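Below are the structure tokens for one structure; questions will follow.
Should a chain be cited, it is by its letter among A, B, C and D, assigned in written order, with residues numbered from 1 in that chain.
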Amino acid sequence: MDAWILTLVTFFPIVGVIVLLFLPKERETAMRWTALLTAVITFVLSLIMLAGFESSDPDLQMVVRLTWFSIGDLHIEYFLGVDGLSILLVLLTTFLMVLALLSTWTAIVDRVREFMIFFLLLEVGLVGVFLGMDLFLFYVFWEFTLVPMYFLIGVWGGERRMYAAIKFFLYTMAGSILMLLAIIWLGLDGGTFSIPDLIKAQAIPANLQFWLFLAFAAAFAIKVPMWPFHSWLPDAHVEAPTAASVILAGVLLKMGTYGFLRFNLGIFPQASVRLAPWIALFAVIGILYGAAVAYAQKDVKKLVAYASISHLGFVMLGLFALNLQGLQGGILQMINHGLSTGALFLIVGMLYERRRTREMDAFGGLWKVMPIYAGLTLIVTLSSMGLPGLNGFVGEFTILLGSFGSIAIGSEGFAILAAVGVILAAVYMLYMFQKLFLGPLDNEKNKRLPDLNRRELLTLVPIVILIFWIGLYPRPFFGLTEASVEKVVQLVSSAAMAMR
Amino acid sequence: MTAEALFSLAPLLILFPLLGLVVNIIAGRRLGERGVGIVASAAVGLAFVIAILQFIALRMDPSGATIHIADWIVIGQLEVEWALQIDTLSVTMMLMVTGVGGLIHIYAVGYMHDDVRFQGDPSRFPRFFVYFNLFIAAMLLLVTGDSYLTMFVGWEGVGLCSYLLISFWYEKGEDGIGNALAGKKAFVVNRIGDFGFIIAMLITFWFFGTLTFEEVFNEAEAMGAGAVGAATAITLFLLVGAAGKSAQIPLFVWLPDAMAGPTPVSALIHAATMVTAGIYMLVRNAALLEIATVTPDIIAIIGAATALLAASIAVARFDIKRVLAYSTISQLGFMIAAVGIGAYVAAIFHLVAHAFFKALLFLSAGSVIQGVEHGHHRADSHEEHFNPNDMRVMGGLRTRMKATFWVYLIGALALVGIPPLAGFFSKDEILADALLVSPAVYWVLVGSAFLTAFYMGRQILMVFFGKPRSKAAEAAEESPAVMVAPLVVLAILSVGGGLINSPGLLPLTHFLEDTLEGLREPEFVAAVAAISTLLAVLAIVLAWLVYGRRPMAHDPVRRLGSLWTAIRHRWWVDGFYDWLIVSRYISLSHWLAEVADEQFLHDWVHDTVIARSFVRATNWLASVLDLRLIDRGFDGLGALTRRGAGGLGALQTGYVRNYAVAVFIGMVLVVSYLLLS
Amino acid sequence: MIPGVSMTHILILSGVLFTLGTLGVLIRRNAIVMFMSIELMLNASNLAFVGFARSMGALSGQVFVFFVIAVAAAEVAVGLALIVAVYRSRSSIDVDRVSDLKG
Amino acid sequence: MTVEFAIFLSLAAVAVGASIAMLVSRNAVYSALFLVIVLFAIAVLFLLLSAAFIAMVQVAIYAGAIMVLFLFVIMLLGTENVESEPSHPWQFATALVLSFGLIIQFLIVANGLPGESGGDFGEVAEGFGSPAGIGTLLFEEYLIPFEVTSLLLLAAMVGAIVLTRWERSK
């Protein structure tokens, strides 16, 4: 069991795909249930994985390692493993998948079968990215996620869906090419594609690390997206259907930050130390820029999309603080962002389903007609702007703390500027809340809007519970990641020592 | 019961209000207004009982205790716990918060009953008490948190409640959105203060390696001179936080707007408790302030300046609550100044006394407002834009609302500092200390005290004396007992509150000595008391001369000319901020969004630079290769491809047998190759 | 012992039958006859298998024939079904009438 | 010339002759019947080559089941006669040329067999080719392929049903 649980978690959605293929085409409800059930079982499987996870062990666990095929002496392996850096992300993925599927119940009405199939395939790719420990396998999963997402945006998206889908595809593809070259180089040079082996070897000279770091960073920075590579994100979000937006923001973007964490810090620690101030600079620009631009948006979804850019700036700043607090905060903030931004997209989706518009000017005073909706939105909004006691604060504060005292970043100025971002977050988040919920209820079309139904409550309440849980007692979450993060910190600091 | 056992009850302090709010969220609709009010008030009442128990425990064991509840954030060196610190300072605050808070809760049951009907949404009644209980819980966490970070949770929590309660009637106010905007303004300005608080925490952690108050102070003491720079930086940033929360220069602009909330909110949050959090926080950090160099001076200057500035603005206000709001800012300035000159006990003393009489003033103002509102409805006058807060529509209420008049008068005299009311002792202690430390601060404060007496005299005369200036005022009626009873209790406290630290006995000073080390014993300076009392009386007389003698059409002080214009426009501070920051930020963000992001990055870079150059590059390559190849006599690349494709296409006949032949040919060839090799 | 008959003979016969089979596939237009020719080719290979099994004394060759027959059965089932389906849409089983894939 | 060689030769002649007849007969039914003859001839050859079980299978499945299926389909569709002549002029010529090449190749291969398998067939063990022997091999060494075959047949069955199912809606 232990050895195969990761394979199960990764590939179980395929079972759902097969069942979906055989369902008669008029039985759409059965398709929805099949997909949902598959996602739930996958989530349960990931919980079983969690139960077997030993948090004090910093190395990979539950490893499956078989030779897939060989090119000469170079083995390409089927190599799955989980450690503290990835376990939370796997759980986040399987968790959000369930909620995202719940949100599609009435939102997706045409080509249900295809939608569900793409969605489950997307889950395979995403989980595979976080579990794949062979560079080649990782790359396969990495690119694989593009395909379902491309279709999800391109088929079920809004008016300019093709434009957005192609842009999304091309941007991320362009970044991946450089990464592929770097992967091939690494494999040929190091004689292995195994990530832990490459990390252990640390055999790459510093100046070469620099270029390889940049090649990987190109792929990841576009995915995150870091300023100024973000221009695909608002398009993709605005056009994508709600469920795809949730996964796009909640999980897909984390592939980028996870990539930085796993590859750039692990394989190129010296380059990481050297480039940390630059990454921090771009992260801080992203924080402030995203916050300022979000404030000027008229479309709620776009506002949330730019807010994502700002939040992911925090994650990057935390990761490249290269100390314990920064990294821990960065990882937790990935989860927080997944939860709160995921919830925000769900919330926007619910509104869109009712009114078929996302222009903020069309709303106002919704609190009066939809009090439960407003209350939950308030909590999510507050979590997103980092109110203490909710999850966002724990992440943001530890990131600020880490980056303020970071030797690698080298200047307190970045953390102080990032803290300004906290003020700006309040500005745009409260602006959004005010535009939607406060003020007089003067639009006739809004006077009859129904409050949340049970299914919608079911999609939001689990997130809200987690928001409180992480905010009030984040110990279990930090505990899962601690050992692995300590290992990374040691690796990086010994690299920093070696540079001196 | 041992002290230890009593201390261990401390978590209940926060638990009770939380419980109350949970009950009201779940069952608020079913409980009815009475039930909701009882649950909420009982929750705070129980918290008050716990606070008294803590006080008793402290009499047994003055050193206090730290109650650990659970871990919070533990990463490497960073160890922050959910822990409550019980010492004399926090108990003083919690007694005040739960005591005054409880009274205001009771008052609010009566007030909100009418308010939700005037505003037209009775279903919002339970929500008010949910927020109120949440506020009490957050405030208690703020005063009991044992580290900067736990304090910060309460700090932001009260800010959140303030936001929610200011925009409680979110569809009302100017253009229907005024209240919501006021709430947002309060939150954002508070966030600017929080920014300072956060930076202070970051410095503290990286300098002292911990965020727990006790450890930081011990460490700072041990380091001695080595900690001066850090302590100065930390306290300066903390000052930013305090300025935000306690509405000091330059961040005071949110508090007057916050009057958009229902009156009990103004009393509880924006007068008695939340706004004093900044003072509490600075006093908590007395150990650092003692070490720091520049900060105390800056604090004293800011406090004194705020006191004077706000007092001057209050003179020209017509909204009954706004007068009180500026008065609050001014009094907070007194307290901040007291912290700056090292008179920590005086600051806390004034904080508590101020909580009594300012809560009293606000609540009675609420009573006045509702009285007038009732009158408005009874008189059945259909004036558009009737504003029950406007003092110009009042007058002569002395006879119609007797109880309210008397308690208002007591509150006002206490604020003005007429002996032997509470305000006299507490203000005097500050002034006496100020004279010792810095005469300049002293004179500024005396000036503001004079203005205070003047605008309070003006207010009382405008509201209660003279003839009614509107039909509503003529028909005004007294408030119900549930509202008057808390007023009476607060009035008693305002009268006797001075006893808390009466000269000679100094119970508060001795009480706080257990927490704050090296306190000076304040002296009662008779000359100071005499001067301020004399000035107060003088100011009241002046007010009577100006306002009391004849019916008022225009404000007589208008004759001050440009000075009047300045204070009428609040010294243009709001406008200046709008011009300097708000509109700049809005245009910046629009510029970034529309020009930098949309037009430049999105459209130009993507569509023009990337997409079009790609097309252009391919065209260029194609045409150049094409031409060169033709020049050399070859077919063009495109033509070649096309022809090749055409040729290959012909092979694709679609006839399966042709394909079979092809396979067959291949097979024969492969076998031949194998045989021959 | 089969005196006078050698593997060479069997292989030649097998080759001839196989060639005839391919010829049938290539020159006949009737899909069913083409199919029969394919069966002939399979039989030719079966013959070679059995021959080799005999000559090398390895029973595996015969097992393979068994599998080939099973596969042939499956193939016939699907193939004939395809022919029926094609006939339904074209009313003919002339393979030259089916050329939708023409490029 | 041994008896066995004579038998082989006659069987070969029958098989080749029937094959050619199958190829040239215009009527598909005749083609099918000629193919049956070929299959029988090959079955006898199997017997000669000590493959009794396979010979039985050949007769039962090929000559029995498969050919009946062919005949069924021919009758069902009523398409005994389709073509008159090849529609592609060069197709016939190419096919002949290639077939000639293929025959040559087979001859080369057959003549070039290595020594031990080039000579006459020798003795084999008792029970070689018996159902017992094949059964043991099938269920031990070739168990998984055997099971896969059953899956394959199942799939073919489902496939055939799906393909031939008459859509009621049309």
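Worth pointing out:
In this section, contacts are C-beta pairs under 8 Å (C-beta built on N, C-alpha and C of every residue); 3 or more make two chains touch, one makes a residue touch a chain.
Remember, predicted model here, so these are calculated numbers, not experimental data.
The minimal number of chain-to-chain contact steps leading from chain A to chain B is 1. The chain with its C-alpha centre at the largest distance from the centre of chain A is D.
Remark: chain C and chain D have CA centroids separated by 6 Å (rounded to whole angstrom).
In this assembly, the C-alpha centroid of chain B lies 92 Å from the C-alpha centroid of chain D. Chain A and chain C have CA centres that are 56 Å apart. Remark: chain B and chain C have CA centroids separated by 89 Å (rounded to whole angstrom).
Each of residues 655, 657, 661, 664 in chain B touches at least two other chains. Counting partner chains per residue, chain D has residues 88, 91, 94-95, 98, 102, 105, 109 touching two or more of them.
Of all residues in chain A, none touches two or more other chains.
If you check the complex, the residues on chain B that touch chain D are 655, 657-658, 661, 664-665, 667-668, 671-672, 675. In the complex of the two chains, the chain C residues touching chain B come out as 22, 25-26, 29, 34, 95-96, 98-103. Residues 648-657, 660-661, 664 of chain B touch chain C in their complex.
Touching chain B in their complex are the following residues of chain A: 167, 228, 230-231, 234-235, 289, 292-293, 295-297, 306, 324-325, 328-329, 364-365, 367-368, 382, 387-389, 393-394, 397-398, 400-401, 404-405, 412, 415-416, 419-420, 422-423, 426-427, 430-431, 434, 437-442, 472-475, 478, 482. Of all the residues in chain D, the ones that touch chain B in their complex are 88, 91, 94-95, 98, 101-102, 105, 108-109.
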